[in-house]
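What follows is subunit A paired twice: with subunit B in the first complex and subunit C in the second.
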Partner chain A sequence: MKNATTRIAAAAATCCAVLLAAAAWAQSSISGLQIGSPTASIPVLDVTGQYAGQRICYVCEFQDVPNVLAFFRETGDETADLIRQLDELYLRHKHEDFKAVAAIVVGEEASPWLEELSASAGLEIPLVVFRRGPRDVAMRLYEIDPEVDNTFLVTVNRFVVDNVSGIAADEFGRVVDATEQMMAQNTP
Partner chain B sequence: MTHGAGGLPSILAVGLAGALLASGSALAQDDEFDDCVFVDGECIEGYVYVAEFVSPQELKSLMEAESDDIVIVDTAAELIFEDERIPGSVNFPWVHELSLPVTLPRDKTLVIYCACNDHEDSVDMAQKLGLVGYLDVKVLEGGWFEWLDLGYETVGLAVEETQ
Partner chain C sequence: MQAKIRRSRWLVASCTAIAAACSLSASAQDIPVVTPENLAALIAGNEGKVVVVNFWATWCPPCLREFPDIIDVYKRYRDDGLEVLAVSMNYPEEMADIEEFLQNFDPPFPVLLAATVDETFYEAVLDSWYGEMPMTLIFDTAGNRVHIHKRPVTYPELATEVLALLPSS
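So, the complex of A and B:
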């Protein structure tokens, strides 16, 4: 009787572990292209980069070099914190031909906020917006969930090698780890 | 017995010599094609791709003249193409490697464009098409962005939404 109870408890624990793992997996892949997907060119409006004020395709510009494409649902302190951390990651690896770009989904209304953030924090990565906001075709093309706060696509050779989405500012280490793993594998 | 024992090294020696000759020949063949770029299956030494461009004004004139000699090729992903494109264009999304056979016509001038800053995808696609025998391929100068800046006509779902 005791044995049967133990077995049931063990089975229940296993089920819980599997469910938790599945939930964690679902949580970590709820927004953005899946690993292994190719990255198609997406036109965006450059706000603070070298093409400020113009339409631009940073995916085309980056081509095969390792990079992070970051998408943020809206402006705010959490987004600012994550963008600053992304810029720091870029600065640590830019000598290795690493690139990064941050796109704000809400559209052109975010431009003044982005300009202010870039100037005040001295950011080097370009900040861009989707021209048509959440209705932009890029949302569907990149499978970005409009309900998720952020989506980081770690890519090289125009393929997604990792996807980190829906993170808090103190979880940016996941993007750092994914990027550094990619950089290590990409070293000739 | 003696005959058999002496025969085995001979066979081995002949085999080894044959293998060496074969590998030497393969190496010589590799050397022969070292500087080779295969264009439509033909070895062309020292081949360097140079993109040919057509201006948006020239393309617009050809479109207005309803020229049958050109096919406008948009390298955007299908969703982007459906959203907005140059009228009359066909979709041929940029890919790492072309899957053969390519279905674009070979007896027309292909005018390729992309939404890129420096024609990255269109030049790459033009080069790839050239390597499989498309020798009359031009790149739209300034691409999609220049076309929009000039205020030339576009079609697609996004255009229909704004009308």
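So, the complex of A and C:
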């Protein structure tokens, strides 16, 4: 009886360990282009930016300047929090010709939510959506994992210099650090 | 071999005729679709001229900003031996946008549509092209690629480079 209990406890412990490892693996999943990859030109539907209502390529617009391209799987509180933090990061560096854009993968259905978020939070960065949602060609070109909540590509001269993906709102410091490092190296 | 040459000449002649027709009609429906091979043949078919190939898309703001300068350079030097080929990298479902673009700019040179918009097209055109736009290539009168611009060009810059390659210069 004691042996059986021990075996059950050991099996339960093993299951827990496997689940924890799986959770950790999911947490560290990499989504998006790897460091050193070039950034392709992709048209998105601008919702709140200077080209609102139009198909536009912000990667083309940004050209070589340092920027963060942020991709979010869907709308929600966590996404809103991260977008607000990205906007704050943009405000801190915009005088250095830094740019940022936040794209929602889910598509046009996210537009009203983005308009509301931009207006209520007074955001300056453009918020955009993938025209074809998760089936958009940008998913393939930017190697976005549809299972990962968010992907931040820190880029300059149209190359990825850092990739931070699958983070919680309280981990945005990783994007800040990567951006600060890029800005420091990009200073003439 | 002779058949190959004949096919190549026929392709150049066809593409040139189509492109010439396109320059007169300025309608998105008439835009010839080109593969990288067609494009190479078009460039080769313009031997004796300086050829500027500009890759653009209606959703690329810097492409729209530089386009008037490209038109102006063409108008200034076309009689001296300049040819411009403007290749749209728009997707097939964006024909209405191309139509609007053509109406707004009324380009006086051939406008073409890329057969595919992906890495295979980019790489076939230029090894080091990853799809940055705008992208402009400049070929000398012998058909050699002399300049690559993976960013917008300005009138002074383009005019200087074209002028240096023109036979009369």
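One rule holds in what follows: the second predicted complex is superposed on the first by the 159 of 188 C-alpha atoms of A that agree within 3 Å, B and C clash if a C-alpha of one lies under 4 Å from a C-alpha of the other, contacts with A are read in each partner's own complex, and residues count from 1 in each chain.
In the analysis below, a contact is a pair of C-beta atoms (placed from the backbone, for glycine too) under 8 Å apart; a residue touches a chain by one contact, two chains touch by 3 or more.
This structure is a prediction, so every number in the text was calculated from the model and none was measured.
Chemist: Should subunit B and subunit C be called a clash or a fit once both complexes are overlaid on subunit A?
Modeler: Overlaying the two structures gives a clash between subunit B and subunit C.
Chemist: With the two structures laid over each other on chain A, which partner does A:51 touch: subunit B (first), subunit C (second), both, or neither?
Modeler: both
Chemist: For A:158, decide between first (touching subunit B), second (touching subunit C), both and neither.
Modeler: both
Chemist: Of the two partner chains, subunit B (first) and subunit C (second), which one does A:94 touch, if any: first, second, both, or neither?
Modeler: In the superposed model, A:94 contacts neither subunit B nor subunit C.
Chemist: Determine, under the contact definition given at the top, whether A:60 touches first (subunit B), second (subunit C), both, or neither.
Modeler: A:60: touches subunit B and subunit C.
Chemist: Tell me the contact category for A:38 with respect to subunit B and subunit C: first, second, both or neither.
Modeler: Both partners.
Chemist: Residues on subunit A in contact with subunit B in one complex and with subunit C in the other?
Modeler: Touching subunit B and subunit C on subunit A: residues 38, 40-41, 43, 51, 54-57, 60-61, 63, 137, 141, 158.
Chemist: What does subunit C use to touch subunit A in their complex?
Modeler: Touch list, subunit C to subunit A: 57-63, 89, 91, 94, 97, 118-119, 130-134, 150-152.
Chemist: Quick one: which bits of subunit B touch subunit A in the complex? Just the residue numbers, please.
Modeler: On the subunit B side, the touching residues are 75-77, 79-80, 82-83, 93-96, 114-118, 120-121, 144-145, 148, 158.
Chemist: Flag every residue of subunit A that touches subunit C in the complex, lowest number first.
Modeler: Checking each residue of subunit A against subunit C gives 38-41, 43, 51, 54-57, 60-61, 63-64, 137, 141, 158.
Chemist: If you look only at subunit A, which of its residues touch subunit B in the complex?
Modeler: 38, 40-43, 51, 54-57, 60-61, 63, 132, 137, 140-141, 157-158
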